[in-house]
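I'd like to ask some things about the structure below.
The chains carry the letters A, B, C, D and E, assigned in the order they are written, with residues numbered from 1 in each.
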Amino acid sequence: MDLLPHRRADHLRRRCGPVDQKGVGMTQEPILKARGLTKRYGKVIALNDCDFDLYPGEILAVIGDNGAGKSTLIKAISGAVVPDEGQIWLEGREVSFKTPIEARAAGIETVYQTLAMSPALSIADNMFMGRELRKPGIMGTLFRQLDRPRMEKFAREKLNELGLMTIQNINQAVETLSGGQRQGVAVARAAAFGSKVVILDEPTAALGVKESRRVLELIRDVKNRGIPIILISHNMPHVFEIADRIHIHRLGRRLCVIRPQDYTMSDAVAFMTGARLPEGVTEAA
Amino acid sequence: EGVSACLITKTDTNPFFVKMKEGAEAKAAELGVTLKSYAGKIDGDHESQVAAIEACVADGAKGILITASDTKAIVDSVKAARDAGVLVIALDTPLDPIDAADATFATDNFQAGLLIGQWARATLGDAAANAKIAMLDLAISQPSVDVLRDQGFLTGFGIDTKDPNKWGDEDDPRIVGNEVTAGNEEGGLKAMEALLAKDPDINVVYTINEPSAAGAYEALKAAGKEGVLIVSVDGGCPGVKDVKDGVIGATSQQYPLLMAALGVEAIARFAADGTKPAPTEGKTFFDTGVALVTDKPVEGVESIDTAKGMELCWG
Amino acid sequence: MSNDAKSVSSAYEAGLKGAAETVAEFHEEQGALKKLQHWLHQTPSAVPMIVLVVSVIVFGLLADNFFKATTLSTILQQIAIVGILGCAQTIVILTAGIDLSVGAIAVFSSVLMGQMTFRYGIPAPAAIAIGLALGSAMGALNGFLIARLKLPPFIVTLGTWQILLASNFIYSRNETIRSSDIAEKAPALQFWGQAIQPGGVKVLYAVFLMIALVAIMAYVLRNTAWGRHVYATGDDPDAAELAGVPTKRVLIQVYALAGLFCAIAGWVMIGRFGSVSPTASTGQLGNIQSITAVVIGGISLFGGRGSILGMFFGALIVGVFEMGLRLVGTDPQWTFFLIGVLIIFAVAVDQWIRKVSA
Amino acid sequence: MSNDAKSVSSAYEAGLKGAAETVAEFHEEQGALKKLQHWLHQTPSAVPMIVLVVSVIVFGLLADNFFKATTLSTILQQIAIVGILGCAQTIVILTAGIDLSVGAIAVFSSVLMGQMTFRYGIPAPAAIAIGLALGSAMGALNGFLIARLKLPPFIVTLGTWQILLASNFIYSRNETIRSSDIAEKAPALQFWGQAIQPGGVKVLYAVFLMIALVAIMAYVLRNTAWGRHVYATGDDPDAAELAGVPTKRVLIQVYALAGLFCAIAGWVMIGRFGSVSPTASTGQLGNIQSITAVVIGGISLFGGRGSILGMFFGALIVGVFEMGLRLVGTDPQWTFFLIGVLIIFAVAVDQWIRKVSA
Amino acid sequence: MDLLPHRRADHLRRRCGPVDQKGVGMTQEPILKARGLTKRYGKVIALNDCDFDLYPGEILAVIGDNGAGKSTLIKAISGAVVPDEGQIWLEGREVSFKTPIEARAAGIETVYQTLAMSPALSIADNMFMGRELRKPGIMGTLFRQLDRPRMEKFAREKLNELGLMTIQNINQAVETLSGGQRQGVAVARAAAFGSKVVILDEPTAALGVKESRRVLELIRDVKNRGIPIILISHNMPHVFEIADRIHIHRLGRRLCVIRPQDYTMSDAVAFMTGARLPEGVTEAA
């Protein structure tokens, strides 16, 4: 296996090869597109010349072994990590996010694997972190006072919509919530604010059966609002149930993209673990 | 209703001020005055002194005895106390301007330095022209006592002090270097070691006080240079003993107990009939005096021997 | 074949139908004690407030002159500088940092203001503006080293403390500028030393300034987005960064603002002491004093928890203790001793309350 | 019905057959630079060692008298006490704590040893034993408050620092015991002030003691279970507790041992300074000096990372700088300034090397 | 729902009621038994008069909603948390562990949900934390020197046995491992040292398909060595595949114990989420 980055002409890149010809390649332009992303952590090459496409309105699942580089990929897309090489286009325009704030401003909302919450702050504070609402009038413009009632109302609505939890007090600190409740808040935040793309990194990893089901329903809701979703998960049944397309990630790059209708879970597992190669893809470059 | 008074010293860890406090307490007990003592936290700490003055005023004290850490900076607070009807007496260190206090019972620190400088030059004789001098000062913040003693010594030794408000700006080649000691044995030792590394031929050591002189002596002893001339200021009993033992060549003796006792008496008198103490004839302050203590007197510099010094010493 | 997947899930998720919608709920054990504990837990500045009230009462009983208006106003003016430095220290500690250089910045700024006027003849208001700007710049330097070079705040400010203190001594040439000269040539420098005298009790402008700064910062920290960002940065910097807080910028702003507060404290020092003195002990002790106030005020050194009001009470507690012990007539060393005990005691009480009311 | 379950899993796990057994492997980019970086990364004390060597060379070139045996032995004896306090500070900081009271414990212990002998007439060896025991007890008190009452180390030791220093002044009545008296009546107190003189260069026993303590602690921390527990406690106390480390006991032991080291430093102070002085500057500055050595030595203030050898190099770097700057002839104020710059610079270099070699 | 602790005579306790009568109650004595465990965190009652039984040689799965108190239960059993009330018996003798060390000394080995590793220390250091081996002879007894070669050899063997990862350097710091690798080390540690009971709290939560399968195989290996295992998991297929009995935890107490042969996954989910009550159990006391 040669993992050193080799630059190839674009038309030679294995953008899903024959697998793609089975209809996965969409005729529309991708809303989010990345080419040649590379990220090294010291000796480790977490992303190795990786490509990525997300089409409007779809649920794209990303699957792969532990350490394959899935989280690094979505961090690169969402500005949490700046890739060493490679380009990203959002709606056809090239973007390069230096921070998560820039990506968010562009409409990309992310639930990170680590949730990214401030434990001592309240649920409402956390939901509006970095995009706080200010009071109207002079109190807001001059004294920059936060509009707490409005933020709390919004947060309560969103959490109720999610129906994931019965939180009595929207002002309680996040650290007093159970792991599942926290995950719910993080998902609600992303779903509420994502205008172009919502990214979820293993949103159900620590969740129980009931709570997981709720999150899947929420993902469908977001999709129905026309917003495309990137979902990282190790749960094959969930992935095959909900995804429109599945991006299989292996050794820091996209191995191929499949449609759940065309392959069995068993095939997908075989591809992602390297037990079998998808047709037309040769692992050694 | 008893008379209450305050004593505010620069620090309460330096033996000089510890003894001053003891002298004041003894006198206060004798006269039936209630005495409360305050101090700065470190050398040069005038803010704690300001706070102490304010506390004394709030407490209704009749008089304040103060050894000011910063003679200029304390003036406003002293004025406020005097405006509130409190008698303020500067001990040991005159305020700047000197009439900022009602009275001053002090030694002249510059004079103290001057005496040991003159003594050192006379002792060395012709060798003074190419002496190697180590200057062991107090602190890098250079509080006034530090500057006065240092510059007094240099003046007495015949060295141009440049800016008399600052030590360390001299360029006379006889000065090996200035080091700070914090006025204790540890600092004296380390400073001496460092200066010896710079120039092992040092033969005159000026020290800010006797504890730092004792530290410097340890370093010299360790380097096998017991004959080096050490001069110091203070005149505490351990210091005079060190002069007697030949550790220190000469020291300028001051009289903190006397100052404190006089101060307490003055406050008691002021409380009784409102009279304020008068300065020494011809001076702007009541000079409690300074005497050079040495067993090796030299021509032209007045001195007392260690036997006399032991009689007069404090602590 | 996704039907296959659906059947897999539904194989057991069918069991979900009719599942309870609620999570576990708990009955609150009510009772006066529980309610008190809850309130104490919710109000981080309550503990120092209680300690303050108790110590005021105790000293009132022990010392005759304690409960006089002048004594109380004296306490306020004695903590004015520590209180302002405490504002600086609070915002820094809320970001899980620490600033050992606060006192040095204050003293150096006051020296700069004084020397600008007296050495270079710059008009006092301009000199003050320059002093405040330079103080902010010193703070910003700390912030830059901490946020950009990612150096630990303890070390950075330990270094700048020494650097600024030494610069202060070198630049000032050990010269104290006399009060009478300042009063004559540049009275603006002494602005905060003026007082109002309602009913004969002097209250310094400096005291009002301190209270105003505490109030403004309490508002800013609670009610603006920036304040929330300060808390979030101290709470979990990685999470805050991912959640959209520009943590580096917040850190630099916090240290620069702390520098500005220190420079304001420097200006207040001129008013309070009349003169400009490079040897002012605030340069050496300001850091420990302000940290003590912050800590007694119940602000966590790990960042993200506590309120600036607590710091204000903390400073007052120290002020009350120092004045009270002076009036009672304890030896200064015993005062140090008791302040040491107080520090540990205050934190132990705080910890205990957090534990029982958790 | 578990067959149903098995079929669910096997529905996709069949795909596992023939899966690669290896995880991603990476080719190491080889090359001298990469290897150097790797070594630097693996060896936490390497960076301070390099800084030390460079500064020795620089000062050797700048100052004539620097490369003399006596100068170098003087540097060693000047850092003896900081080095021993640094051993105490190192183990505390490795547990993610901090000890501000080290200097106070050292000075108070030395005063106790001296007063036991001179005030109560206890024979010197017994007085020393009592002093060492009391020093350990002071440390254990810190440990108790930190481990049992769960108070933050910074606050606890800030409090005990003040308490012990005040006790030291009160108990000693500010009396210094003179060197000549000790030499006469209780020479055992001055034991560490003796020296061997190979080739006329004096090397104090105290220097050997410091080196021995560093070596022993380096061994203990690396090669015993207790040492591993100290690292684990500082790294992640909750994880260590769950993994079977008695973290509370380890903390109390660490602080008590630190107290013992401080008391040893107090004994060494008597030998080195000759006299017993309650005003010794170590009481005020020992904490900052030892923390500086630890930090320049590359030990993380967040605990769990670094080696005691680094602290030793850190202390040496400060010693070399102080001596070197003196020999070059800088003013004490400038020396103070440059040490501040050095602290920040050393940590910045450390951070930079860690970053590029990560 | 009345959740306040009501003490009932033991024979009235709902120890699985009729469900139990279907043969789940074993005739042997339980190796680990707990009765009436209660643990409160402030207002939250994480364990509410909870019972527990583990029989020799079995794999007992514990399932329940997020926040049901599963982790708290196993922490109480393994000494990481001291219950406010209740008793625990190990092999018939009453025990009360104050620290995890005591439980470990008694042969109970636990993989906590948080893994409990010291990131900066090496794999070998972590595996032997708290039970380090000392050199033989005077170096060990007097100088208390660690026997690194022996510890490293053992660690390498155990990790190879697990086959979960190809770790090249047993001395590398745990923080340089991927999440999956870390979980592998934690599981290997417990499996290697557990002599009476091995407890695993969600050992596969963050693991991929391949890595999860390996962990399940390892659990079977441990069982084959005759050591009983407690497995907490949200993954129903895994639970039903591997468990001998399933302890269903709800609202801080044991709702009932079932055998996977007797019920469907769907039943189990219904019980644990409160959608349905097992026969003979009434939720209101």
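Everything that follows uses one rule, which is that contacts are C-beta pairs under 8 Å (C-beta built on N, C-alpha and C of every residue); 3 or more make two chains touch, one makes a residue touch a chain.
No experiment lies behind these values; they were computed from the predicted model shown.
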item: Neighbouring chains shared between subunit A and subunit D, ordered by label; value: C, E
item: Any chain that touches subunit D and subunit C; value: A, B, E
item: Farthest chain (mean CA position) relative to subunit E; value: B
item: Most widely separated chain from subunit D, with each centre as the mean of CA atoms; value: A
item: Between subunit B and subunit E, centroid-to-centroid distance (C-alpha), Å; value: 73
item: Rounded Å distance between subunit A and subunit E, as computed from the means of their C-alpha atoms; value: 32
item: Whole-Å gap between the CA centroids of subunit C and subunit E; value: 46
item: Residues of subunit E whose C-beta touches two or more other chains; value: 65, 67-68, 178, 181, 209-210, 236-237, 264-265, 269, 273
item: Contacts with two or more other chains, residues of subunit B listed in rising order; value: 12, 42, 140
item: Residue numbers of subunit C (touch at least two other chains); value: 4, 8, 11-13, 15-16, 19, 23, 25, 166, 169, 331, 333
item: Interchain contacts (touch definition) - all pairs; value: A-C, A-D, A-E, B-C, B-D, C-D, C-E, D-E
item: Complex interface listing, subunit D residues touching subunit B; value: 65, 68, 70-71, 74, 77-78, 169, 173-176, 178-180, 195, 202, 269, 272-275, 277-282, 284, 322-323, 326-327, 329, 331-333, 336
item: Touch list for subunit B against partner subunit D, complex; value: 12-15, 18, 42, 137, 140, 168, 177-180, 182-187, 189-190, 193-200, 211, 214-215, 217-218, 222-223, 238, 241-242, 245
item: Subunit A contact footprint on subunit D (complex, rising order); value: 8, 11-20, 23-29, 358
item: Partner subunit C, residues of subunit E touching it in the complex; value: 1, 3-4, 41-45, 65, 67-68, 236-237, 251-252, 264-271, 273-276
item: Touching residues on subunit A, where the partner in the complex is subunit C; value: 80, 99-101, 104, 110, 112, 114-121, 125-126, 129-132, 134, 143-146, 163, 165-166, 178, 181, 209-210, 213, 236-241, 260-265
